[in-house]
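As written, the chains take the letters A, B, C and D, and residue 1 is the first residue of each chain.
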Amino acid sequence: MHRPGRHFLQIPGPTNVPDRVLRAIDMPTIDHRGPAFADMSRKALDGVKGIFKTRQPVIIFPSSGTGAWEAALVNTLSPGDRVLMYETGHFASLWNALAQRIGLQPEVIASDWRSGVDPEKIEERLKADKAHEIKAVCVVHNETSTGCRSPIDEVRKAIDSAGHPSLLMVDTISSLGSMDYRHDEWGVDVTVGGSQKGLLLPPGLSFNAISDKAIAASKSASLTRSYWSWDEMVSANETSLFPYTPATNLLYGLVAAIEMLNEEGLENVFSRHERHAAATRAAVKAWGLEVFCNNPKHYSASLTAVLMPEGHSADEFRRKVLENFNMSLGNGLSRLSNKVFRIGHLGDFNDLMLMGTLSGVELGLRKAGVPHRTGGTLAAIDVLAGDGGGTAIAAE
Amino acid sequence: MHRPGRHFLQIPGPTNVPDRVLRAIDMPTIDHRGPAFADMSRKALDGVKGIFKTRQPVIIFPSSGTGAWEAALVNTLSPGDRVLMYETGHFASLWNALAQRIGLQPEVIASDWRSGVDPEKIEERLKADKAHEIKAVCVVHNETSTGCRSPIDEVRKAIDSAGHPSLLMVDTISSLGSMDYRHDEWGVDVTVGGSQKGLLLPPGLSFNAISDKAIAASKSASLTRSYWSWDEMVSANETSLFPYTPATNLLYGLVAAIEMLNEEGLENVFSRHERHAAATRAAVKAWGLEVFCNNPKHYSASLTAVLMPEGHSADEFRRKVLENFNMSLGNGLSRLSNKVFRIGHLGDFNDLMLMGTLSGVELGLRKAGVPHRTGGTLAAIDVLAGDGGGTAIAAE
Amino acid sequence: MHRPGRHFLQIPGPTNVPDRVLRAIDMPTIDHRGPAFADMSRKALDGVKGIFKTRQPVIIFPSSGTGAWEAALVNTLSPGDRVLMYETGHFASLWNALAQRIGLQPEVIASDWRSGVDPEKIEERLKADKAHEIKAVCVVHNETSTGCRSPIDEVRKAIDSAGHPSLLMVDTISSLGSMDYRHDEWGVDVTVGGSQKGLLLPPGLSFNAISDKAIAASKSASLTRSYWSWDEMVSANETSLFPYTPATNLLYGLVAAIEMLNEEGLENVFSRHERHAAATRAAVKAWGLEVFCNNPKHYSASLTAVLMPEGHSADEFRRKVLENFNMSLGNGLSRLSNKVFRIGHLGDFNDLMLMGTLSGVELGLRKAGVPHRTGGTLAAIDVLAGDGGGTAIAAE
Amino acid sequence: MHRPGRHFLQIPGPTNVPDRVLRAIDMPTIDHRGPAFADMSRKALDGVKGIFKTRQPVIIFPSSGTGAWEAALVNTLSPGDRVLMYETGHFASLWNALAQRIGLQPEVIASDWRSGVDPEKIEERLKADKAHEIKAVCVVHNETSTGCRSPIDEVRKAIDSAGHPSLLMVDTISSLGSMDYRHDEWGVDVTVGGSQKGLLLPPGLSFNAISDKAIAASKSASLTRSYWSWDEMVSANETSLFPYTPATNLLYGLVAAIEMLNEEGLENVFSRHERHAAATRAAVKAWGLEVFCNNPKHYSASLTAVLMPEGHSADEFRRKVLENFNMSLGNGLSRLSNKVFRIGHLGDFNDLMLMGTLSGVELGLRKAGVPHRTGGTLAAIDVLAGDGGGTAIAAE
């Protein structure tokens, strides 16, 4: 049964994959040991470094982002190692659960999920760790479940101020290619990424950007690893090959996506996301609703989670939006289940797609009988117009 | 240079071709004389009848819609024949020019372009034609240059009331598959259609739906014709073949498009277009601008032409919209050049795409410094919500 | 019902469209009056000149090749004009029929269809035409129904030797992009082309390359024309636009196809076709069958028509090949119906595709019980190996 | 730089992905938690069972086949567990190395790689294992490095005859969807599969078909696992969802591929592969070369490895084939490096593609100066014709 027009995929990832990437993926698979493959994979392996802003190797796994979380840990740590995790939200929790599952001893700094990481708490904890038992600090750059961003550069400074040798691992799954991120400059040891958000691809590739220190750690790390092992990857990648069959067609898409991000210019990509996030928050405020993230310095640029008014079901609202307006919004996860909805405004996106999205939210609020003030969309237009809102309003 | 997000192609055709149609077109070309082709072309030839609401043959030309205009005339008329044309706008004028060029004597009922056909004027003229020198009445169902719709059923009645034997030819290029149209029931003799608007396809196919009376006329018509000749087409089509190489890949797309229109249901397709047109007009009114069509009974459902305020350039406005908001709007044609812009809201389209479109217009008006009241988009939301606008507005 | 593997589309056109072209066609349709279109169409309009080897304008019609035949005549001639046509086969006959249909007086030089044009006969006829009543000489460069090629440069010389002012019109539908062709150097006035053969595209575009003399003729030519009219095309094309909606998506494909032909190099494209034709003829000879073209100087490089042994049905053979081996071969047309089959070896094609094709013929001959010697495929391998056949044969 | 015609991807996987699968993959990514996804993934999860011939759950990982090897082991075994592996070739060796790496104690039954598993050796070893220390027997159904097939049903019987409780794990990466395989009937506990061979997809999905016994084993197995864990997969799959983001677009392709295999009929698919393998071996024999597998009962149906004559480089031969004939052949792996080349004849493949492939081998042997007798291709045609070779040979 055909539904007219384009679906608005406004979950915070997977995002709306551009046609140019889909068409690239749609080309015939080639021999992953032949010269044409090597040419293509060289472009992918080199090009992706620019997106992470690193000169180090970036490992590309044929897997979901979840795999890259696991890879970050198993390559650098040993059974029983302590890791310091910061529970900024659902995905930070999942990473913590994974760490436990594979035999690490994660220690969690709790939070109310409504802001990003407080670097001072990390610094404090590390200072207390005189014996340097903590081997890694794990934080999520952009918490996809809450729309809060953490200041990674300040986390780095906190570790340094504490004089602590811990590795720094950062999940950038929903920030990479959408929000400013600098693997080398910010001194990150392992950056975890995925293909299906700001990187414009369907799901199926994940990434580890790594530092010399992380590579050094991998030499003595004794957690069991095979599929996720960096060493064979790094050495095979030197000749543009992979130790096992790569996801060739997604690599075609990766090459196309990198080209597109570079054509637009990464800094332009980032400012576009910031602008769309600001317009979205203006709409939320105008509707009389509440942005879930309550620390303005930590607002995400790639998604906005919105608190549903007491007594109203976020999931019922989302269902009505999907049925009536052919738009998918993100749901509330675990403790936020049915309490928030999330608007993804990341990836291959522009002003008018955002206005369609926000209009769908406003129409959905009406359809679902959620109390709100009209005009969120107009508030967003004011932000997008960027003209102060004054001059053009009066016709008479 | 990549521009992020999807382009909004909101000219009144070609329209946003759905992925399913593009992917169908993207399959390998096959032997146009083989059995697989015959199966496919049968579906196209039979299925397209349902779109025209006819049981008669529908001719499919590998050409632009302009070719189907020519085909309608050369198959049914002879050099020097009089035809009565009704100048509802630019495209009616072009059809008239074509008729002159190929040796007919068109007689034109003029108009101010701001409404559709007045059937009384046709009846009056035909009644005066005692000698039945007028061989055909040619009208445009939906004038793409103005956004005015003509009442074809009433034109038929006018011809009948006049007791005149003239053929009735109707251009449905921008109405077919978007607005209610009934070739058989309305007694049309030749209906002219194109692929690139409500029919969801790229340009490259055109159509003639024909009546028994038109076929009879073709037996004695003496205008020169070869490529456009119906007779070889009709007989070849009987065995699902074509007299010369057809545009095979566009036929794949036609089969897919017909399926999609039928899945949604033609009546649903029409009411969707009417609703989007109403929302668009509400926006225009709220902006304090003027819909070019000044006869509410003749409002088009597939596009809305908007008058630019005196002293402002419609083309400059459109240029700013394209540059800043990645949306193409239709320009004013011939006498309307630079005076109107046209919003296409037809084809594979939905509420949120419309809201993106109208937001783009509102943003563009601001960017171009065109005086207007804000809030056209909100007015459109009221129409789309369909809830009377009252209940959901108050949050406090 | 899925048939495994790729279909072998070995009719002499439409040909196997390469993925790169199909994917280009599969991109969203854009505004044919906007700047992105102008950029793209500029590439098409300029690039296609190189394929015709002309510096003059090349007109691109949204139509089948049949339309370009008509366009060549109606733009340059007047009712009752005499044209000299050379019946090299079925398609030359069809062009002749078209000429009659539109009011010209074609005069035909007959042939047994088994060779290309004999320029001497043209010279002789033109010399006899003292009054210069013949306004155009029309020949088919590569007769798709027979696999015979005509020497266009010699036809030009024949016209010049006769001191005759006639225009020269050449159909290159199945030679363009496959066999050496030089519009300017050979002094052709109108070259007729189509998209679906050596030009690697699906059907739906046709071409007229024109000379100054042809343009001059068009100023006084009085045959009725509208859709096919050059003048509006040429002037619109100067600003990269078209007078009516072009087949935008096929133009995307044209740009891709031109790039591909230039990447391979036109001369390499031509020698590849010559080599494949030689290998095919070697196979036919080895099977003990007869190539229909009986003048070795006129062998086509893009297809080979093969005479079926007396008492055997070519169509039954082709049917068995299609059913059993998933390959489409070309049928015999009009007087050759059921008597020949045609092997297309043109377009996006390579040695192993040719060997699959010839193997399919050999398997089909067996399956259909057509008497033949085995080993045609081996003879083709000898040609393709290009090593004289000697060295590698002996293993012991 | 464009190379004309289709590349012949005749490595033993990835295989030539059919257009219908590529186009399916090329559709926009959707919300992996929404109802449209659930409908689609239900088809994939249910449909894939038919391909494995099981009624049990089949786990679908977003990973390469290598991941599914790891998953089979980590879900069912504990550190230090003994597993009996049978080194049929390179890939069996890799599985063995993986088992060691993750902390198992594999015991290997060696072989000369030139045949499949000898079930008697397994029975013998298991009988000797009175203490039932061996927890799993791991065999490769079709060894991709050698072209030898192992009799899985006989391995099952061997285990049963030995009265041994060991699990049976089978790698079907290069046999699934190409060669008869029956997970349930043959009593396999874990079947390992991949997407990129007989399953017609690009690489990026892998599979574990599992038995009740395997599930039971997973309850007490203590090897570390997270990404590969079955339990969350099985429970999420019950509602058509996945515990982490799945490779959505490849799942679209999986649904299409399953439909295609079922349309052709799995038994027809298998007999097609057997027939092509027989034709390939006939060619190899006719060339005077040696099929690497020396046990006719163990010939693979999906690929044929060919021994290069002493003193000739298989890799140099393959390089010449790629450069001159645009075909990729498989290389010799580890101990077979440079000694064999492998012809993949699996996946979406047909008679004429096979003939193109074998012609490319014959042409390559000539080009590389490898001593051989001509006519391998003719021998293959004899097999494909299936007519005994007699009737059609004589023309005179």
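The rule is simple: a contact is a pair of C-beta atoms (placed from the backbone, for glycine too) under 8 Å apart; a residue touches a chain by one contact, two chains touch by 3 or more.
Remember, it's a predicted structure, so these values are computed and weren't measured experimentally.
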Common touching chains of subunit C and subunit A: B, D
Most remote chain, CA-based centroid, reference being subunit B: D
Separation of mean Cα positions, subunit B and subunit A [Å, integer]: 44
Whole-Å gap separating subunit B and subunit C, where each centre is the average of the chain's CA atoms: 36
Length of the line joining the C-alpha centres of subunit B and subunit D, rounded to whole Å: 54
Multi-chain contact residues (two or more partners), subunit D: 6, 16, 20, 23, 26-28
Residues of subunit D defined as touching subunit C within the complex: 1-6, 8, 16, 18, 20, 259-261, 263-264, 269, 272, 287-288, 324-327, 348-353, 355-357, 359-360, 362-363, 365-367, 369-375, 377-378, 381, 384-385, 387, 391-396
Subunit B-touching residues of subunit C, taken from the complex the two chains share: 6-7, 9, 11, 14-17, 22-23, 25-35, 61-67, 70, 98, 101-103, 194, 196, 202-204, 223-227, 229, 244-250, 322, 328, 331
In the complex, subunit D residues that touch subunit B: 19-20, 23, 26-28
